[in-house]
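Heads up, the next two complexes both have chain A, just with different partners, chain B and then chain C.
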Partner chain A sequence: MTTTRRSLLAGAALAATFAMTPAFGQSPTEIELFFPVPVDGQLARDMATLIKEFNEGHPAIKVTPVYTGSYDETLIKTRAAMKAGKPPAVSIMSANFLRDLQIEGEIQPLDTLIKADGKSNDQFMGQFFPALSGNAVLDRSVYGVPFHNSTPILYINAEHFKEVGLDPENPPKNWAELAAAAAKLTKREGDRVTRWGIAIPSQYDTGGWLLQALTYSNGGRWFNVDYAGEVYYDEPSTLGALTFWSDLVKNKVLQPGVQQNGAVSTAFLSGQASMMLHSTGSLTFVRSNAKFPLKVAFVPKNLQNQVPIGGASLVVPTGVEGERRKAAWTLINWMTSPEKSGWWSRATGYFAPNMQAYELPEMKAFLDKNPDAKVAVDQLAYARPWFATYKTVPVRKAVEDELANVLSGKKSPKEALVAAQKAADEIMKPYVEQTALKLPGSN
Partner chain B sequence: MSVANREISPKLGYGATLLVAALWAVPFLWMLVAAFNPESTGAGMAALIPDYVPSLANFAEAWGLADFPRYGLNTAIISFGILAVQFVTITLAGYAFARIDFPGRSFCFYLFLTQLMLAPVALIVPNLVTIASLGLYDSLLGVMAPYFASAFGTFLMRQAFRAIPRELEEAALIDGASIGQRIRLIYLPLAKPSLIAFAIVSVTSHWNEFLWPLMVINSPDLRPLTVGLATFTRGAEGAQAWGVIAAGTLIVSAPLILAFVLFQRAFVNSFVSSGIK
Partner chain C sequence: MADTIIASQPTPAWRLAIRHPRRKTLVAFGLLAPSLVLLALFTYWPIIQLTWQSLHGQQRVGGPQVYTGLKNFADLVADPAFRKALVNNLIYAFGTVLPSLVLALGFALALARSNRINTVLRSLFFLPVLLPLVAAASIFLFLFLPNVGLLDYYLAKLALSGPNWLGDPDVALWSIMVLTIWKNAGYYMLFFLAGLQAIPADANEAAILEGANPWQRLRYVTLPYLKPTIGFVLVIGLTNVVTQVDHVFVLTKGGPADATNLLLFYVYQQAVENYEPGRAAAGSLAMLGLLLALTAASLRTLERSFGEPES
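After this line comes the complex of A and B, so read on.
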């Protein structure tokens, strides 16, 4: 084994040739996919299976699926990796982070890739449910491709409903019916509550999302869809929503304090709560673990049926170029195709963003067997974009911290919303000053 | 260490200790009970007293969800690799700060200590940039590198070395011992309690670390236990199977608990014996 300088050089040249021409199939383009685990551990394995299938079908590309924690941690890791000069080729990003990433120039528009496929942006987005565009198309450019999406939904324990004389086929449609049902379903032994009428998660991320849902149902707007520097926390529609939520606590049909996602679904599954407001993303897990007949229904309205979308989109960070960018695009299109979209939807409970998925026979059969999944899809007709602003996470936490204060009885809803608005405005101030308040001659 | 001669009756003190111990033990007890519960979500999940026939189903499921042997190996390499390098660096730095006179010694030492004030989260991006430029991104060495020097450990060793009488070192010096021999044969054996205390703190903190390895590691093969465990405990939008989580957590924490139980005697003995010397 004598390695001469010449053979080394030759080897390097050969390697370079292969690197230049991945079409030969000798050296596949290696890309990474950053993904948070949306529901439970099984899905981390499902994701590995999905990517393995992709790699087998695409010898010129080798994708490594990289588990990156929660949605918030995925954002931190993607940003840190970019700063370190190692951006992943594709990242599954919470749909409401896209606006902030776009403002900071951290994700790239996909328009040229769409155009190269011979489509217009409208044609491309036309394959997805219209409600998803608001969080994916920013300033007329496509920045994200919807991968798995959700809406909040009301889960009902039909057994408990029958037990107290309510009709599970006729679930609460408005806030009055919801409050009345919750009161009826709550069970007490003396002062101690043994069964809560309803459970609502209020932890970070979910709390803000569900308050937005109630505000939407109350005719509110929550944030300015067209401008990233405005939120409407201190408004009558929001005040009504928050007061309704806090009244459920006051009337002792909802457990006081901040409730975690996992604790809420556990309480519901174990029969300690008769209804819960939660993401459709939990649907498959809840369905397969419920030991009672399960019903789901639209989020009850006060003034109108309207909910925000949730879930995540596939994005390509800035700095991903050339072959890696092309490979990323191939992966994105494959993952959001009707077949894969539908498969992932059945595995998780998220609805499939690609409308074509619902035309496939296996999906039709699935919906016939699981009518609850159909409710989630039907509610989409009433869905609007998810809260997204400049610095989405802190602006969201501003209202979630105040929500926590209200639910633990430390503040009145009005006080809380005034404080939340003030905090949010303060966070968005630098952006507002650089945009809406940057006027000619005002320097 | 003279609490006994206070006014509180020993019984009361004993009771208080038991209470604190119970508070500390309840989550562990619950984890144990939940891990063997055949039902993962039922009404009995919250019970502290088992009311079921123990089942290993949760362990089987948790074991299948992640490649625990490999993750365990990675975690062990990270924790003990860091510790091995730290032993060298904190001993040498501790000796320098304790015994070698050089201009600006106190200033350097306090500068070193300010590292303790920095929240690790604030260092994620700068550290990652450094790691990437060294070519250590997505490697176990990259996870370990930022911890090779430890302000806390250096402080601990400096204090321990300063407490050792200079005369011992001077006697060795007269016998012709080199600086390396003096550290190895005089200082280190006498500072053993500090080394062990530091080892426990260092190993447990790196064993449990989550965010930094999550940032550095991309390859599934290089994941440590915490990241592997998180794949099924940190679902972003969903429900949680407590039994499986409890079983997984037990699998992850078992090696450390076991090591502590096995070496508890050695730990205590070493404290006692070195203390007497």
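After this line comes the complex of A and C, so read on.
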């Protein structure tokens, strides 16, 4: 009995000591950063390096980086942490989730923080590539700060090009040239294709993104950037894009059915496909694993050069207040500064959202050494926002399921797009009814 | 006999104490408490929460959760993706449980005799069970890889080309089923091996004396004795096809065009991608009901076969 009481007392004393510590020394503000790694394990170590450097330079703040898996899992874990009343101070969030999070009131506008730094929203966003604003500034408020970004790009096996008499220095610029090159590059043994002219990923997430890219290249709009309740699936520009994609299958230069991201880059790296459309986010990986001379080029156009961005932004969840909020802001500004932005870009292959990053000597040297990375940056001049609506993922899945049907020959492009539009409208209906169709006189 | 031996020794105090009827109940509860607490915390309480959630939803976009009655269940039934997942799950259940059962029985019969070769073979067939499903799926992702995967590699040597194993809506579910069968057959084999050991040798000897051929011995001796094992494996198999979707995550994410969407994966999509916690809860409850019904039916068959007099 006595021992129990004594140990209890000791415990209480110990607890009291801990409780009083902050009163004695200036303890740092502790915050967490939830971060996904969309590509591979190396990036998780790079992130640890980056945060360690931040903590050493900012003794008043202690950031704990928490690896939260994929983009989707990071969304789940951030929401779960918020439900438990313990939101992370900062999350790196897939840029197309911001609209949904804003509609649900789960992330906070950063306007007051920007104002406190003596800047207007336009001045603040002015440091980033203009194409990135559409997914970060919603209803005129800044909800996210771009961290790493990508666009689709055409990867070319220069060896195969030379082999069939094409000039790798003069890559396909439009759809006609792309289709012709793909036909030339495809190799057959009897009926069996031994080398595909081109590979295009069509799995969930990437499929919608690339169909958006082709639709943009065809002059289309794809979705309403200003209003979260409209998509343009059943439109001539989209129909043209989907038909072009489906014709590549019909002409037997692209494998039928859905292709996954990994399968596509493996096919390209192993020489089973001579070209691929893929994210610039894979550039570092592809460059370091290609055993042949690699070339990259803009996504070929039909009517215009235009591609959507991809990537992720830093957000501050609702409920992060006071010192934690200030610390979060310090971290965000540090991570998106030209130096850190550029460092992360060189490590990953994503481009640095901060334009100043490209003025730094180390970045200039890097681009001189890797001209392919420069192509990716140049294409940014033609970039537009990424698809984001009310309930982004299921609305995107509506068209991706139909894309799968077309690529496996189950539906014609027109039938598919009518079905996709109908399914998407059905999902967005609650939002549309409470916004654009909520009129005076109704309730 | 044993009782008299114990009675001849002085009974310890604790033993006397628990013989008291009320104390006996207390002790029983005390012993059950750990698992009861765990069950309550991690099974019963979540079911209550789930039920609450299934009856609530947003009235307004971005608004709070309010009582919506059975709306979530109505939405669930009306959702073509749910119906697709249900049908897929049925095909998947029949297409995986029956073949793995037959295979497992075949393996067990072939390897029933204990010798060195059979021990090695048993371990080989059991090997897939030791792999986590996610790891197994990653291996199959490579096997199924178009053009460069092992499957297509060997087909190419025969001047053949395979379909897009995971990317063709008509083929993908079957590809996934192959993985499930490969993964589970070895596991079920273990139960059948145990069941075979329990068959009295004289039953088979008698059948041989009566002039029964091997097929007749299987049909009239082995299978009737294995009935309880078959029932048990059936319960496990059916539970597995509803509760295991790790491989769907890795291989197809339910695609292409929902061709490999299974109930549990549908629930995940509703909860996470569509942010419809109410519909996800309704889906979970539907799955729970389905599982309970399946288990009850199988258990009843199991009991009946146990209760059967030996003939």
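Keep this in mind: the second predicted complex is superposed on the first by the 416 of 443 C-alpha atoms of A that agree within 3 Å, B and C clash if a C-alpha of one lies under 4 Å from a C-alpha of the other, contacts with A are read in each partner's own complex, and residues count from 1 in each chain.
Heads up, the rule we're going with is that a contact is a pair of C-beta atoms (placed from the backbone, for glycine too) under 8 Å apart; a residue touches a chain by one contact, two chains touch by 3 or more.
This is a predicted model, so every value here is computed, not measured.
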item	value
Touching partner for A:P394 - first (chain B), second (chain C), both, neither	second
Partner chain in contact with A:I76 - chain B first, chain C second, else both or neither	both
Contacts of A:P256 with chain B and chain C, given as first, second, both or neither	second
Which superposed partner A:K410 touches (first chain B, second chain C, both, neither)	second
First (chain B), second (chain C), both or neither touched by A:R45	first
Partner chain(s) touched by A:V286 [first = chain B, second = chain C, both, neither]	first
Which of chain B and chain C A:G105 touches, first, second, both or neither	second
Touched partner set for A:S270, first chain B, second chain C, both or neither	both
Chain B versus chain C as contact partner of A:T206, first or second or both or neither	first
Residues of chain A contacting chain B in one complex and chain C in the other	76, 262, 266, 270, 272
Chain A-touching residues of chain B, taken from the complex the two chains share	40-43, 45-46, 65-66, 124-125, 128-129, 131-133, 137-138, 210-211, 214-215, 218-220, 223, 227, 230-242, 244
Chain B contact footprint on chain A (complex, rising order)	32, 36-45, 48, 64-71, 73, 76-77, 79-81, 83-86, 88, 94, 150, 205-206, 261-262, 265-266, 269-272, 279, 281-282, 285-286, 289, 291, 310-311, 349
Chain C - residues contacting chain A, complex	60-62, 141, 145-148, 156, 159-161, 163-164, 166-170, 253-259, 269, 272-275
Chain A - residues contacting chain C, complex	72, 75-76, 100, 103-105, 189-194, 196, 202-204, 255-260, 262-263, 266-267, 270, 272-273, 390-391, 393-394, 397, 400-402, 404-405, 407-408, 410, 427, 430-431, 434-435
